[in-house]
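What follows is a pair of complexes built around chain A, which joins chain B in one and chain C in the other.
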Partner chain A sequence: MMTDANNMLDAKNAHELNKNSGLKAIGSWALEYIVTIIFVLFVLLGFAVSKDVSLNYFFSELNSRVFRNAFLVLSLIIPVLAGLGLNFGIVIGAMSGQTAVAIARYYGLGGVSALLLCSVMSFFFAGLCGYFTGKLYNKTRGQEMIASLIVGYFANGIYQFLFLFVVGVIIKVPATHPMIKPDGIGIRMTVDLMPVNKGGLKYALDNVYKIPFMHALLILALAILLVLAIRYWQNIRRGHAHKNRPMTFAFNILMCLVIAGISAHAIITKSSLMMIPKVPVVTGLLIIGLCFFTEWIMKTKLGQDFRSVGQSQHIAEVSGINVDRTRIIATMISTILASWGQLIYLQNMGTLNTYNAHTQIGLFSVAALLVGGASTSRASIKNALFGTILFNAMFIMSPEIGKSLFGQPALGEYFRTFMVYGVIGLALGLYVWKANKKNKIVIE
Partner chain B sequence: MSDSTVKADLSYHLKSALSGVGIPTIIIALFWVLTLFGGHFVGISIQSLLSDTLKRAGMNAVLVLAMVPAIQSGTGPNFALPIGIECGLFAMVCSIEMGLMGVPWLLCSAALCIPLAVISGYAYGKLLNAVKGSEMTIATYTGFSVTALLALAWLTLPFTNPKMGWMMGTGLRETIQLDAVGAAQILNNFMMFSIGGVDVPTGLFLVFGVLALLVWLFFRSKMGIAISAGGINPKFALAAGLNIDRNRIWANVLSTVLGALGIIIYSQSFGYAQLYTAPLLMAFPAVAAILVGGASASRANVSNVVIGVFLLQGLFTTSLPVTNELFRGTDLSEIMRMVVQNGIILYALTQVKRGG
Partner chain C sequence: MSETLLCFKNVSKSYYGNTVLSDICFEVSAGEIHALIGENGAGKSTLMNILFGMSVIHSTGGYEGDVIIDGKKTFIKTPFEALDAGVGMVHQEFMLIPGFTITENIKLNREITTPNIASRVLGKRLETLDMVKMDADARKALDTLSMDIEEFTLVEGLPVGHKQFIEIAREIDKTGIKILVFDEPTAVLTESEAQNLLAAMRRLAQTGIGILFISHRLDEIIDVADRVTVLRDGQLVKTMNTKDTDVVEIAQLMIGREVTITPVQTDAKKISDEVMLSVKDLHVGMPGEMVRGIDLEVRRGEIVGIGGLAGQGKLGIANGIMGTYPSTGEVVFNGNPLALNDPRATLASGIAFVSEDRKGVGLLLNESIELNIAFTAMQVNGHFLSSLAGWNLRNDREIRENAERMIKDLDIRCSSSLQSTGSLSGGNQQKVCVARALTQKPQFLFVSEPTRGIDIGAKKLILDLLLRLSEEYGMTIVMTSSELAELRSICNRIVIICDGRVEGILPPDASDAEFGLMMSGSRGLTKNADLEPVH
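After this line comes the complex of A and B, so read on.
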């Protein structure tokens, strides 16, 4: 009898314990992804309260924004893995890209070939700038993130010196040129990049080949389906069947099928979803290409070096890796990728906001990456892509919420700014707090 | 004593004096002198340049002073200065709402901002203790977030005084004229006199002098010394039985209070209270100023404040008319401000020793 009762008590205790640890697990999971959860809830709230946001409007806005920004967000991954933290210094890459575009515009070059030339030019500009930024990060070890923010401001000063003073005072330019200010000194605030069919850069990449959004969605869903199936089958064939998680697999397959089904239905019935603007295929392929490039480089010797330097600079040094050099290379790659990302951004915008286009790039891209569930030391392609989508969804919904809840779109815009800063602060703060707590436990 | 030993002696003294002065201080001082001469050659009177310098330095001095406690306690320069600034702005706006004018307005603002700043400084100090090792980055984003949050508050809080609202719609104006409450330059004009054409804003300097003296005395008190000790070597201070976490919190409370008082002094001299995004980047010139004065990211004192604020603000104020005269149609002084200010902060960051 006694043992029975004891057993029962034990079982009960164990049950309680399980429940507690279950709750704890959920709690720590929620803490881990708190930023993501806040954003998902915010976007859902937006849909709930605002009446005049149609699904069409939402998707067309999201569509163009994601294609514009994804490349920039992806350029942040490598420095994170190499232990440099979130590289706010990608604004320097963005400035390099803009310098290349300004040169092309000045000589009236246009089309895909001009864009290629721009990418070559910005490769060298950004590579050089990235080299010096990397050197700086090596000198400010442990404070890279604040250094990267401030070096962005610093570089902005030099950029303005080039564009407002050197152009005009030192390099003489004709005042009649459409991108030069009327008094002949400096470049205008906004420079029209001219549509690509009129010999400009606007949509030079986007307009190469476009397909309807729903077709793209269908192809993407089927492609993911195929990749998932091949991976599942390969795992079985190689005897890694335990790596397969049937439930997750089934869920993913189901999601893909649902999306494919919806798009097929929309295509066949020509429903209103077909009104969503077309998708720029080449831009999309470049983004996918960068995903593969990032995956690939992390598998090379260099990528392994990035990882070991990211984990412990000391151990990496001892095992014969040139830590300083590796960190500089990571910064250079990130800066160059960011400059190309800015080219994609600019050709889509169609105008060069000479003194404003780059200032927010660092903040927004970092916020997007963090929203996707990344942290100071951990980031993946999934984080970047998901984060870009979610962050831009917030951007679209924020003024709508301000309008429908308070009758003031301006409120939504301030709220948006608050979300950007708040997200970065919260994510970084939580990360350090958790790391410090772990250290304390280890010491005790 | 022979001639050569005197020379050697002199050069030794010069060297030791110079080694105490940092590279940024020397560079900025040289630049300032250069722009002053430049101004003289293009025909701007040095008196007016110096008058402006005194005014700008006095206006910014308390904001720079706010850096001292934070740096001494080991949390690094207070990049979250906007927290204190927003407390000061809130107090000013509330005082206007109460319908106060002139000196009572000023006193009420100062009295109101202190409790606000103590509370928020305490919370901020707690936050900094949770994120040891990355204080500067987190502080920057905390300051940014608070600025954005307060922008929402300015837009939604039900203030009704017509001196602050828009003509139509709700929310406060971006800049509130302090002329309207009779408080513009109220401190500057107190006992103002001029020597050889240079105006000296006595009241401004008196207030700064009193606050600087208080901070100086505070760091000679038992608590002040404990704070400095925790900043120099936390492990040693811990072993000596000091409560470092508590000291860090009090240092940041003091810093936030000074920030709040600083913006009131700044605004009355400027003549406008600037709301919304204006406080966002205000921490950076203050950080740069104290670094120019010879402080590092971990050591600072009141003399660094005085030297730094005069040199940096002197350079910024003189360069504006001088470069405008030299290169018409350009905005070189604004560009120089960005490069100099951020370059100095970067230089200081490269000097930070990695904490064990």
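After this line comes the complex of A and C, so read on.
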């Protein structure tokens, strides 16, 4: 909840600067992050009404979900910055990833090396698909989001054709293979990916190295502390002291210290918090690596072009930037990252839900990003990570709320769906509303 | 003055046989500020499009004559070639990205980068931005303009004057810039901002850059320019040293005497003293044509012209009263107060409108001529409807009859009344718009830019029609037009709008100089008593 608090602090700073518009500033801040606020309140409500959710259960659930999904959500950032909006088309990346996994599974490959091979294969599949999706987005300028949603469904049709018909009818496969349907045509609904120690892909990445949750938290808190300090110092050294916000900085440092303190305490006293399952280090490092990659690419010429194109295609065009190409590159990067995100997701799930695993990926990832405070034109790593945590917290809490308020966990399931679509609808509506407000004609 | 940087030699251009520039010759020297002045449509923008190699020139058959830059005959095909040749432009509409800092805007697509491992493998585009160097460069450009704003400020929310300076900073940051074109740079600035800008222009000229200064503010031209070239109807009227001339002469040369349409004033019609429309303190929020407080009275039977340069707010008046753009103020029509921002009520009260935006507001382009003509009368006045068991149905026969009468009366050239209006020529589209307004049987007519984009023959027809409406039917007309000549040919009086306010009211036979001075808002510059407006 750090980001949230930061934003609140920023709003407070603004309040001090301009006392007259203080209330207004808080109002507009609340409007800006209305989605985030609703979710925080929802999760807090969950804790308030349901008695049998232990912190341990909550964290262990959250833990596995966040590691599973964060990569996918992060893959959405670049298209947003490049002005393509929310790329629902990452489902195409997910399908590419699944195709690679299906191939590896068919030939009985397993372990980290097989996963590496999958990532190389999906790089090419997703790259190619991303190229064509990007071309499509250039043709449907201004309607990229709806185009991405529809192209996802279209690709799903091709995917099903490939997996249900081509495999078996055109490409001959033995009907005895465990992932092929008994009649020898098409791939089964669910394919077991086999545990990694039995030569499969399940946990191939997660099980490489694991450390206790609290240790990870301690290390993470200290690492963030270090990064913050270095950035603060670098800003001063480069003469960008204006970028430093002392209040925010102090608050972040405090938060890190508190988290580090709690973790250290738990480790020393071996409290019940140590019972939370261990975290996969390599997966974590990959997610952190993607964060750094996104940061880095936005600091290159290409990243600057993404931002230019995202802000104004017209001005970018007349300044000589190849707008179409830049948008295609952004789509390709996003699709490839999504395919890798799906690999991480699948190796954690351990089963390939052949025809369903990818269908919700687009909607859920987009919703998670929006929950983190992003909009169709603005997204950051903070938004993605915070959103993933909060969105999954909602997922864990909603059956609990359903259970304790209505006596039926199933009602909580309805909540989930309602919240996912509601969030997307609200965010899109707010975006249009804000744009209209901005363009409102004034009489002089 | 020293070497010649830019020289136009016998430059001519025509669009589809319609000559818009003929035989333009003038030059800009190093260190000189050369002003270019002319009414709307005098050919300034066409000349600049040639200089910048805009595609509109080349897709319509190029131009004749030579453009000589720095002694070399240059044929510029794209704006980027213009940049390579050392020609820069400060745009009237800002080419700035609001969410970027000043540095990022100045260095847009010219970022300074340093190679890294990834860029060595995957190409130049992955090189890291060197923000420190970029900031330093931006600082230097800003310092040249003596702007003490911090280079890392976001452009969003900066005052217009600052944005203009950032545009200039971007141009001078480009290496090898020799000629800088300022396209009406002060049009959007406040007075003090404009003064700063002019001072900056002088400083730039001192560094040896040649400046082409397009403006319609005569006082600024006298103030800052070394020489001034006057264009009128695609012809170069005169190039003069500003020392040897004054605002009155420039204004006179700019307007000139239009001979194509002769004034056809008759005494036949009667203008009563009864005020038909009275407007008090009208403000209209029409982007680009802001009206900032106008008082106006129109008497029954009159033709009132509204003139002025583009962007000064003349178009906003009719749009504001008709309710196409939000407006405030007090409008009384026929003794009854008129509700603003309610187009339906305004139309129902007997006011019709022929919009300047023919294709956007004026016509339903995919619908037939007959439906277009009947549309407003049907929607607002309930004409052309027949009632059947409580349902209002369209009466196609009446619509057709009316359309055919109009087609005959107004000489609309079409294959049938069912032809879609989108496929008509500009002049015939305009006639359909007028026919639609007339079908409403209005007492009062607003006509905006009735002859825009219409050939000369059709122009005459439209103007004659307006005159006939006024004389035969006693219709009161307010005509807004950028073409002073046509206003002078049919109007009883001409209201000149400048900066969203009424600058003055002139009779059609007032002198060229009076019109010129009033349109450029520089009346106060002369002490000549007999140039006072005549009411």
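Worth a mention:
The working rule: the second predicted complex is superposed on the first by the 408 of 444 C-alpha atoms of A that agree within 3 Å, B and C clash if a C-alpha of one lies under 4 Å from a C-alpha of the other, contacts with A are read in each partner's own complex, and residues count from 1 in each chain.
The criterion applied here is as follows: a residue touches a chain if its C-beta (ideal position, glycine included) is under 8 Å from a C-beta of that chain, and two chains touch if they have at least 3 such contacts.
The shown structure was predicted, so the numbers you read here are calculated from the model rather than taken from an experiment.
If you count the residues of chain A touched by chain B and by chain C, you find the higher number for B.
Applying the stated contact rule after C-alpha superposition, one finds that A:Gly320 touches chain C and leaves chain B untouched. In the superposed model, A:Arg141 makes contact with chain B only, not with chain C.
Look at A:Leu149: by the touch rule set out above, it reaches chain B but stays clear of chain C. By the document's definition of touching, of the two partners only chain B reaches A:Phe415; chain C does not.
Once the two complexes are laid over each other on the shared chain, residue contacts for A:Gly429 go to chain B alone; chain C is not touched.
Comparing the two complexes, no residue of chain A contacts chain B in one case and chain C in the other.
Looking at the complex, you find that chain A touches chain C at residues 238-240, 242-243, 297, 299-305, 307-308, 311-312, 315-316, 318-321, 441-444.
Of all the residues in chain A, the ones that touch chain B in their complex are 136, 139-143, 145-147, 149-151, 153-154, 156-158, 160-161, 164-165, 168-169, 183, 185-186, 406, 408, 410-411, 414-415, 417-418, 420-422, 424-425, 428-429, 432-433, 436.
Chain B meets chain A in the complex at residues 79, 127, 130-134, 136-138, 140-142, 144-145, 147-149, 151-152, 155-156, 170-171, 276, 284, 327, 329-332, 334-339, 342-343, 345-346, 349-350, 352, 354-355.
Every residue of chain C that touches chain A in the complex is listed here, in rising order: 79-80, 95-100, 104, 108-109, 111, 113, 118-119, 124-129, 131-132, 150, 152, 283-287, 290, 292, 325-328, 500.
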